[in-house]
Structures are given as structure tokens and as C-alpha cells.
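Down below are the structures I want you to see.
Below, chain A partners chain B and then partners chain C, in two separate complexes.
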Partner chain A sequence: MARVREAALGLALVAPPIAILLLLIILPAIQALTFSLGLVPSENVTFSSGQHLVRSDIPTLEVYRQLLASPFVIDDLRLTLSVTVLSVIFVAIVGYILALYVRFGNGWLPRIVRSLYLIPMFVPVVIASYAAVTFYVDRGFLASLFWHLGLGYTSPAYKPAGIVITQVWYNIPFAVLMLGSGLDGIEQELIDSAHDVGAGFFSVLWRIILPLNLVPLLIVLTFTFIGVIGSFTIPFLIGPNAPQMIGVAIQAYFSNYNQPQPAVAMAVIVFAIAALAGVLYVWATSRSNRHAVTL
Partner chain B sequence: MGVSLTTRRAFIVCTIRGSLALGATALLSACGAGTGTPAPTTPPAAAGATPAAAPTTTGAPTAAAPAAAATTGPATVATGDINLYVGGDVNIRDLWSKELLPAYKKVKPDVSFNMIFDEHALAEQAVFDRLAAAKQAGKPSGVDLWEATGRLQIGGEAGLIQKLSTKEIPNLDKVPKDAFDRFGGYGVPYRASSVVLAYNSAEVKEPPKTLDALLNWIKSNDGKFTYNPPDKGGSGGNFVTRVLEIGIPEDQLRFFQTQYDESKEVLWEKGWAILKELHPHIYNNGFYPPGNIPVLQTLGKGAISMAPVWSDQSLSYLAQKLLPPEVKLLQIDPPFAGSAAYLGIPTDSQHKETLYEFLNWLLTPEPQLIIVNRINGYPGLDWKYMPAEVQQKYADIAKAYSFSFSPKFDTDRNKLWYEKVVGTPPPTPTS
Partner chain C sequence: MTANRMPTPVAEREQELAGWTPAGIRLTWFWDVPEFRRALGLLLVLALSAYLLLPLLTLLLWAFADEWRYPSVIPQHFSLKWWDWVFTNGDVGSAARYSFETAPVVTLISAAICLPAAYSFSRFRFPGRRALFISLLAANAFPKIGLYVAIATLFFRLDLMGTFWGVVLIQLVGTLVLMVWIPAAGFDAVARELEEAARDAGAGPLRVFWSITLPLAMPAIIVACFLAFLAAFDEAQGTLIVGSPTIVTMPVLMYTLVVNYPEPVGAIFSILLSAPSIVLLLLARRFLLAGYLAAGFKGR
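And now, the complex of A and B:
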């Protein structure tokens, strides 16, 4: 009897978040999915007043076929994936170096770095993007600095490179926090004993630190990937006119072109890619947990 | 120490794992929510100067109507006041509350207005719904004077808005006929703005005065001209429209301004070819700053020496010294598009006679001058009825303007611009 009451209480406690999840996220997501398959909901004016709708009584992939036949959308997707992959690689490398420095460095400089690397976390993304634009743009801060030094300058602003630089800057705190807390979990004795038997820095890094710190690295890779691929503000403010990253293209299709259907279909594609990354992550972490030393 | 760190880490991992599915799903549903455009997507600069251009396509949530009625309800109690519904940026609010209404108070001390201000004109649909609901219920709407554009005509044709003529408001014959007819004569165009050409007179001694001359100038002065993408602000948008109109026969222009038919867009091909040809000559090897204001800033920094800009924004920038004083404005021939703001009277208003008198006063030089001086707007009156010194001051831009495309043509234009002008399609085009 007590068990039933406990179960009921548990259900009552989880009901509000589940209801919010259902009403605000899952149901709209399902409607978006069916809309992208040609089923236009007549009661949703935002959807049904869109231009160039594909209407069908049975689900059809026509919207996706049209999208993927457009060389411009392919260009957008290509840019999105390359910016995302590059950002992830740079975030991992820079983040790892910073995390190692903060964990193993001695003296006052690592202590300063320890608080400095967190700063981007407290800067709103729109401010960060504007700051990046004014810093990197032609006739911006960096350009005038180079000019005073008598050096040439090619601005990365309004180019894919500008997006990658700003994404790396913005994602570093999370990466270092994640990797650093993983490094903190590695026992100092392991490293000391490796040193005792004559292992150098790189062999300790390769044989002890990297394998033991694999899960945090996977988290950083996955979440940076998902964050960058769906990003809007940074590419909107510092990206090129065309091709656009998919987040910017989705917004343009949705409101500036009044074509919500392809916008929703693109969102579904991004969702599928992000979900793929999520599956890889879950598979990898559950595998490593089974033979886990860490966690 | 070690324990607490592990716990913290386990917590972070747990939290993150939990939010994985949630975050990814949110990404998808962000597009499916269908409650309008999220805030950051609004082109920041366009809102002020572009009068709401898409009256029929903005699917404002119907839930907003009762909400708006509730907040404005207490203000509409029958005190004999005239309820004035206007919307826009802060400059428009100040124009009404600090200038126009006090000025009329001096003329007619016994007429008092009650202004209901709608910031950024976001609740225009809500006012429309209110008028429609009041008519259906057979009750007074409480709206006496309403500033809007396309919705005035839609409302007028549904019997919600009073049709106006020189019989009620004699000064309407001093208003440019095109502007008055634009929305079927259901509103008084009392102020306006348009896109004009801004140029740096220190670098450009003989500015182009016609569209052809402008296009030639761009081609022979590499990197000295730019405009914003048409979906990011009206100044670039109306430049693109002007060029697209090159391929549209004179007798079809009205269709493009008022109706919609996708098959007619083949007439744009000539314009797209010209814009593509300009592309390599645009600033920074073909870069288009993302908005009306970014274009003004590029001009202000001296990176370019010519651009299409909004008249009111650039005049205000000049007044604030955000543009160097060498920057001058002129209207080319044929002119860039512009638009007016209209005031309409709902058919159920109890104050029609008073309002006719007020609107007639609004179309006299004194209040019109306030508009010119206060917000750098164009007068609603034809320029020739304005004082000579104003005509002189604005001589280069005080000309008629053209009209932009209808909302649906505009959205198609936005998308096609990306594909035809800045996109790089492969040599063999597909479908």
C-alpha cells in the first residue's frame, strides 16, 4: 500500500515537467515533422499562410527532395558541416592545452589563466559576436593595430573563418571546465609512478591521461558539435552573405522568405544530424562505463 | 577533495546527458512553435523606418487580441476623449505626445486626445481584431483614429474603416494622389520617408542622377558602393526592387505593387543579371552589410562613398554627426521606393466631425513642419505646399517616390536575391 502511494507521489512529482516537455517541445516537434512531410495544418496560420507550400494528404518527401536538389541549400549544408567540424577540432585542441596547463602548471600564471578562461561563459553571445565583429572587421581594432605595425591585414569577419574563431572563443570555457574536471579526477599517484619508471611527458599524456580522460573529451566533442551546428547568433552577425550556416538559413526561410515548410524540413535535417552525434556519444560513454576506471 | 571533485564531475555529466535529448528536440521545435519570429531575428534597423509591410501575412497569434484589449480597456472609458491608436518607435511617440497633440491643444483647447501607443506597431493585428469583434458584437470599438497601412484598406473593404475624400477633409487635395490612393483612400497619409542615394561629396564630385548613371558609376568605381541584403532592411531592398523594375513593363508595375503571381517573376531576370554583374564591383569583393544601419556605418567609416539609405535615418545620422558632413543625399530618376504612414477613422467612431477637422489641420504647413523638423520625416503634403526654405533644404530629395512590391513578391525577391546574386550556382543549373 505504501509502495503504491510512493509511486503515485513520484508520478505526481514528474507530471509537471513531463507536461511542459510534451506541450512545448514534443507536440510542436511532431507537428513540425508532419508539416515537413506535406501535411499542412490548416489551424496553424503561420504554417498554412506560407508561400510555395507542398500540400499532400499522405506523407511525402517532396519538400526534402526539393531542398536537396537546390545547389544553394547544399552549399549551406556544406558550409555548416565544415565550420562545425573545424570548430570542434579547434575547441578540443585549445581546450585540452588550456586544461593541461591549468591542471599541471605551477605558479601565478596558471592561477590567472584559471579564472580568465571562464570569462566568455559570462558574456552573452550577441555581445560576444558584436565584439568579434568590431575587433576583426576591416578598419577595426586589429586592422588598425596591424596598420600601425606596418603589417598587412585580411579580415576574417564576414567569412567562414570569422564564425570558427568566434565559436572557438565562445566554447572554450565549457571545454576547459569539462576536461579540467576530468583531469582533476586522475590520481596524482598514477602519474608519479609513471614518472618513476621513466615515462616522459608525452608518454604519460598518451598512455595515461588521454585514455582516462576519454569521456569528458567525448562530451566536449559532442556538445560543441551540437551547439555549433544549430547556432544562429554568431553566424548571423559575423558570417558571410552566402552561403549561410543552416541556422541562419532556417530563420531566413521561416520569416524573410515566408517559406516555413523548407525551414522546418531543414530543422529536421539538423535534428537528425545532432541526434546522430548524441547516439554516438551515448554508445561511447555507456561502453566506456562498462569497463570504466573513471566515474 | 578528490571525492568532491568526482561528484561534481558526475553531476555535470548527468545534467548534460539529461539535457541532450531535450536540447536537440528544442532545436527542432523552435521552428515548429509557430508563434512568430523570435526576437533576435528582427533586423534591428529595419523596424524603425520600414512601415509594416506585410499586413496580410503576419500571423499574429489571436491570443494577443484579448490581451491588448485588456491592457487598453481602462483607457477607453467614455470620457468623451478621442482614442488615438498609433505605433512605431520612440521618436513617433514623442512626435505625438510632445509636439503634435500639444500644438493642436493650442488650436482647439476643448478637444482632448487619449493616445494608446503601440511600441514598434506590433499590436496592429490586435487593433484590427478588436474592430472586427466590435462590429460583430454591435458595440463601439473605442478606436477613433488608427495609424496603419495595408490593414486600413482591408478593414475599409470590410466596412470597418471610413472612406475619406476632399469633401470631409479639403486639404486632401494637397496630398500626392498616388500616396492617397495607395490604400484605397481609407487613410490620410500624414508623414512619409523614402530610400534615397547617399554619397560622400568629398570623393564624388558629380553624383549620378539617374538609375543608369548610378549603375555605370558602380561598375567604374570598384569597391565604393554597397547595399544591404533585401531581407535585412528596406534601403537595400528598395535598391534591389528599383533594379528589378527595369525588366517590368510600365503597365505591369501596379500588379507587382498590389497582387501576387509567381509566374510573373520571370520579368525579374533582366534585373538579376544586372545585379549579378554589379556583384564583383561591390565593396570588399562583394560584401553586403547586414542591415540599414550597418550600411550607414560603412559609409560613416569612409569605407564606401555611395549607398542607398533611408531618408529619415540618414538625416538623423547627419544631425547626430554619425555621418561626416560631406555626405549628401539625393533622389535619383526613376526614384527609389518610399511609403507613408496613414491615419484612418473606424466607421463606428462617435467623433467623426471632430476628427475630420483635426486631420484637415494635420495637413497644414505648421504641423507638417513639426514632422520634418522633429523626426526628419517627409511631409504628408506635396512638397510644393511646404515653406520655401524647407523645399530648398530638401531640394535634392524632395521628390516623388515610387512604391515597393507587395509582401509576397518581396519575400520571393529576398530568397531569389541570395540565389541569383550572391550564391554561386554550379555551371550546369539543376531543376
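And now, the complex of A and C:
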């Protein structure tokens, strides 16, 4: 009886946020999915008045077939995936170096870094992108600095490199916080005893720190991946016009081309890829939490 | 750390792995020289500072510039005239007002509905507990732009388009994960012994919650509130679709300003828009570094 009451109370308390999630994410997502399968809702004028509609009474993959047959869309997808993968790799590397430096460094320099790396977390993403554009653009601030140093300058702005640079900038705080908290959990005695048997810094890193800190790393990889692959603002402001990242393409199909159906189909594709990364997160965390003391 | 330890069999194998070159010089030799290590640290800090701060410095300079042409590293002419323009522009004032009205309201509502849920996820057993907890992630995994048409249809039907509460609702979605996951980890971390001791001393369940559990979980809740506020304050895409043309917040206006006005306007606006965040950074820094954010994302 007590168990039933506990379950009822528990469910009642989690109901409000779940209801909002259901109403504003899950149901619209289902509607987007069915619409992308050719089931056009007649009562939704934005959907039913779109150009290039595929209408069907039974679910069909025609929209996806047409999308994937378009060389432009393929280019957009390719750019999205490569920018995402590169951003994730760089965030992981830079984040790890910083987390190690903050954890194991001594003196005033690491103390400065401890405040410095948090800054991007508190800069709205619109501003981060705008700052990056004004800084990296041709004949901008960085170009001027290069000119005074007598160096040639090729601007990364409006190129895929610009997106990666800004994404890494924006994602550093989360990565370092996550990895740093994992590193704090590694016992100092373990590292000391490895040193005592003669292991150098790099073998301690490779043999002890990396394996013990694998789950935080996986979390950083998945969340950065999910964040970058569906991003809009950064690629919109600093990315190239063509090919563009899917987030920007979705927006263009919606508002510029009035083609909501391919737009939602692209959103479904991005979600499917992001969900794969989500599965990795769930797998990694549930594995590690099963070994930990359950609360 | 030092090179002059006795080489042991383990160490030899490790050195092999760490990359001895055929000439017998370890690739990581520089690490064993303290001066190199310190110089490397300094270089790292300098590079990081440049990477993180120079773009922001560019905006700061632009905000006070009247004319700034390549290849000068500082503006040719400084001026405050664009500040006048920004402060006397009615759009900017109303955008600031809307931003500072919506974001705190979103944070409060989010806390009111998510904190009980976080407590429930932490303490109660119920069917679907883990699945529901993880499902909150969907709010961040589905590209929002793909949902906004469906959401807009719904909002039209509910008469929420272009209204304050419509904007609050759309901004609320992005705060759910933060406001449930981080406080849930905070509640997890409260030692049960303390609660049981209080109960043994005769405190009722509510008393235990208010005087033991909540205060101990408070740092995590504070981090969640800060991040939820920033998420709401930062939200532009949904606010643009749901709120315009009546409710234009600062990030939404920023898109227009960046495209249509000269650099100083965007730069000044950026400074105004970042100011509250920087204040939050100074306030929240201690709690953020204490690992509450990370704990929230460790899953269960």
C-alpha cells in the first residue's frame, strides 16, 4: 500500500514538467514526423499550403527519398556532420587539456584559467557568434593584428572553419566543468602510487586518468554532438551560404522557400542522428551508475 | 614526475608505450624539464586568453568606435554617439523590458514545477522513473526550428501567439532539463543519515525537508536557477516565432540590429545584453566550480 502511494505521489510530482514536454515537444515532434511521411493535416494551414507537398493516405518515405536525391541536401548533410564531428573532437581535446591543467597545475596561472574558461557560458549565443564574426572577418581585428605581425591572413568567417571555431568557443565551459569534475573524483593516492612505481605523467594519463574518466568524456561528446548538430545561430551568423548546416537549411526551407515538409523531414533526420548520440549517453551513464552506489 | 627515479620493469614498459624514438629519446622529454613545463603552461594560458577574450574585446572596442578601418588595431575615432542612439531608441528599451520580465518569470515557474519533480526523481520509486527522467533530454535533442510550426499552430488555437504567456511557455521548455537534472543530483547528494537523525529527533517529514534537505540541496538549485535564467534570457528562435511582432526580447532584436545597423550598434547592444550574465557569472562561479552542474548530467 505504501509503495502504491509512493508511486502515485512520485508520478504526480513529475507530471507538470512531463506534461509541458509532451505538449510542446513530443506531440509537435510526432506531428512533424507524420507530416514528413506524407500525412498532411488539413487543419494546419502552414503545413497544407506549403510548396512541393507530398500527399498520401498511407505513410510514405517519398519526402525523404526526394530530399536525399538532392545534391544540395546531401552537401548540407555532409557539412553538418563534418562540422559536428570536428567540433566535438576539438571540444574534447581542448576541454581535456584545460581540465587537466586546472586539476594538476599549481600556482596562479591555473587559478586564472579556472575563471577564464567559464566566460563563454555567460555570453548569449547570438553575441558569441557576432563577436566571432567581427573578430575573424576579412579586414577585421584579427586580420589587423596579422598585418602588423607581417603575416598573411585567410579569414575563417563564412566558412565551415568559422563554425567550428565558434562552436568550440561556446562549448568549452560545459566540457571543462564536466571533465574537471570527473578528474576531481580520481583519488590522488592512485596517481601517487603510480608515480611511485615510476610511471611518468603521460602513462598515468593514458593508463589511469583516461580510463577512469571515460564516462564524463562520453557525456561531453554526446552533449556537444547534440548541441552542434541541430544548432542554428552560430552557423547562421558565421557559416557559409552554401552548403549550409541543416539547422540553417531548415529555417530557409520554412521561411524562404515555403516548403515546410522537407523542413520537418530534415528536422526528423537531425533528431534521429541526435537520438543515436543520446543512446550512447544512456548506455554509458547507466553502465557506470550500476556500478556506483544506487541512491 | 621526475626522471631520476629508479627504472622498474613497469616503468620501462610504460616508457616504451609513451613513445621512445629509436634514438632513445622519449617524445615527451620536454615534460621532464620544469622550465619547459612552465613555459608550456604560460603559452597555453596566453593562447586560451586570446581565443576566449579577443572576440569579446573586439566588440568592446567597436562599442566606443565611430570609425575603425583595417589595418588599425584600434579604432581611428572614438565616440559615444551610438550609445545615445541605442538609449534613445524605443525598440531597445522595450526589448530590455520584455527580456527582464520574461526571463525571471520563466525561472520562477520552472523552479515551481521542476523542483518538486526533481525531488520526486531523487526520492520516490515509481514506474517509468528512469525513462521519464531521460526523456526530458528530448527537449534539447530535437531541432527546435523543426517543431515551431507545429507549436505555432497549437498556440494559435490556444490564443497564445504574440502574448507574454506564450513567450514564457516557449522559453520554459528549454529550462526543463536544467531545472530537473541538476537539483535532482543535489537532492541525491544529501546524506540520508542527516534526514534520519532529524526524524529520530522528532521532526516531521516537512520539517526535515525544510530544515535539512532543502538547505543542503540549495547550491545545486541555485546553479539550476542561474542556468535556467540564462537559457530563457538567451532564447531567440522560439521567442521570435511565438512573440513577434508584439513581444520582441533583446536576443531577438539582436538579429535585426546585427543585420541592419553599423557595427557599433550591435556591439553596444551586446554589452548591454551580456551585462546581467556577467553579474551572474561572478555570483555563480563558486557553485559552478563545485561540480553541481556536472553531477546533474551524470545520469542515473
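What we mean here is this: the second predicted complex is superposed on the first by the 275 of 295 C-alpha atoms of A that agree within 3 Å, B and C clash if a C-alpha of one lies under 4 Å from a C-alpha of the other, contacts with A are read in each partner's own complex, and residues count from 1 in each chain.
Simple rule for what comes next: a contact is a pair of C-beta atoms (placed from the backbone, for glycine too) under 8 Å apart; a residue touches a chain by one contact, two chains touch by 3 or more.
This is a predicted model, so every value here is computed, not measured.
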Which of chain B and chain C A:93 touches, first, second, both or neither: neither
Chain B versus chain C as contact partner of A:182, first or second or both or neither: both
Touching partner for A:210 - first (chain B), second (chain C), both, neither: neither
Contacts of A:143 with chain B and chain C, given as first, second, both or neither: second
Contacts of A:20 with chain B and chain C, given as first, second, both or neither: second
Which superposed partner A:259 touches (first chain B, second chain C, both, neither): first
Which of chain B and chain C A:201 touches, first, second, both or neither: second
Touched partner set for A:10, first chain B, second chain C, both or neither: second
Partner chain(s) touched by A:71 [first = chain B, second = chain C, both, neither]: first
Residues of chain A touched, compared between chain B and chain C (which is higher): C
Contacts on chain A seen with chain B and repeated with chain C across the two complexes: 21, 24-26, 28-29, 31-32, 44, 46-47, 126, 139, 177-178, 181-182, 184, 215-216, 219, 223, 226, 230, 232-233, 237, 250-251, 254, 260, 263-264, 267-268, 270-271, 274-275, 278, 281-282, 285, 295
Sites on chain C touched by chain A in the complex: 1, 5-8, 10-11, 14-15, 17-18, 28, 31-32, 41-42, 44-45, 48-49, 51-59, 61-62, 69-73, 113-114, 116-117, 119-127, 129-130, 132, 134-147, 149-154, 169-170, 172-173, 176, 179-180, 188, 230, 233-234, 236-237, 251, 254-255, 258, 263, 266-267, 270, 273-274, 277-278, 280-281, 285, 288-289, 291, 293-295, 297-300
Of all residues in chain B, those that touch chain A in their complex: 2, 5-6, 8-10, 12-13, 16-17, 20-37, 40-41, 54, 57, 59, 229, 231-232, 262, 284, 286-288, 290, 301, 303, 407-408, 411-412, 414-415, 418-419, 422-426, 429-431
In the complex with chain C, residue positions of chain A that touch it: 3, 6-11, 13-18, 20-21, 23-29, 31-32, 44, 46-47, 97-98, 101, 105, 109-110, 112-128, 130-132, 134-136, 139-145, 147-148, 169, 172, 174, 177-178, 180-182, 184, 195, 197-203, 206-207, 215-216, 219, 223, 226-227, 230, 232-233, 237, 246-247, 250-251, 254, 260, 263-264, 266-268, 270-271, 274-275, 278, 281-282, 284-286, 288-289, 295
Chain B contact footprint on chain A (complex, rising order): 21, 24-26, 28-29, 31-33, 35, 44-47, 49, 51-52, 66, 69-72, 75, 126, 138-139, 158, 177-178, 181-182, 184-185, 187, 215-216, 219, 222-223, 226, 230, 232-233, 236-237, 240-244, 250-260, 263-264, 267-268, 270-271, 274-275, 278, 281-282, 285, 295
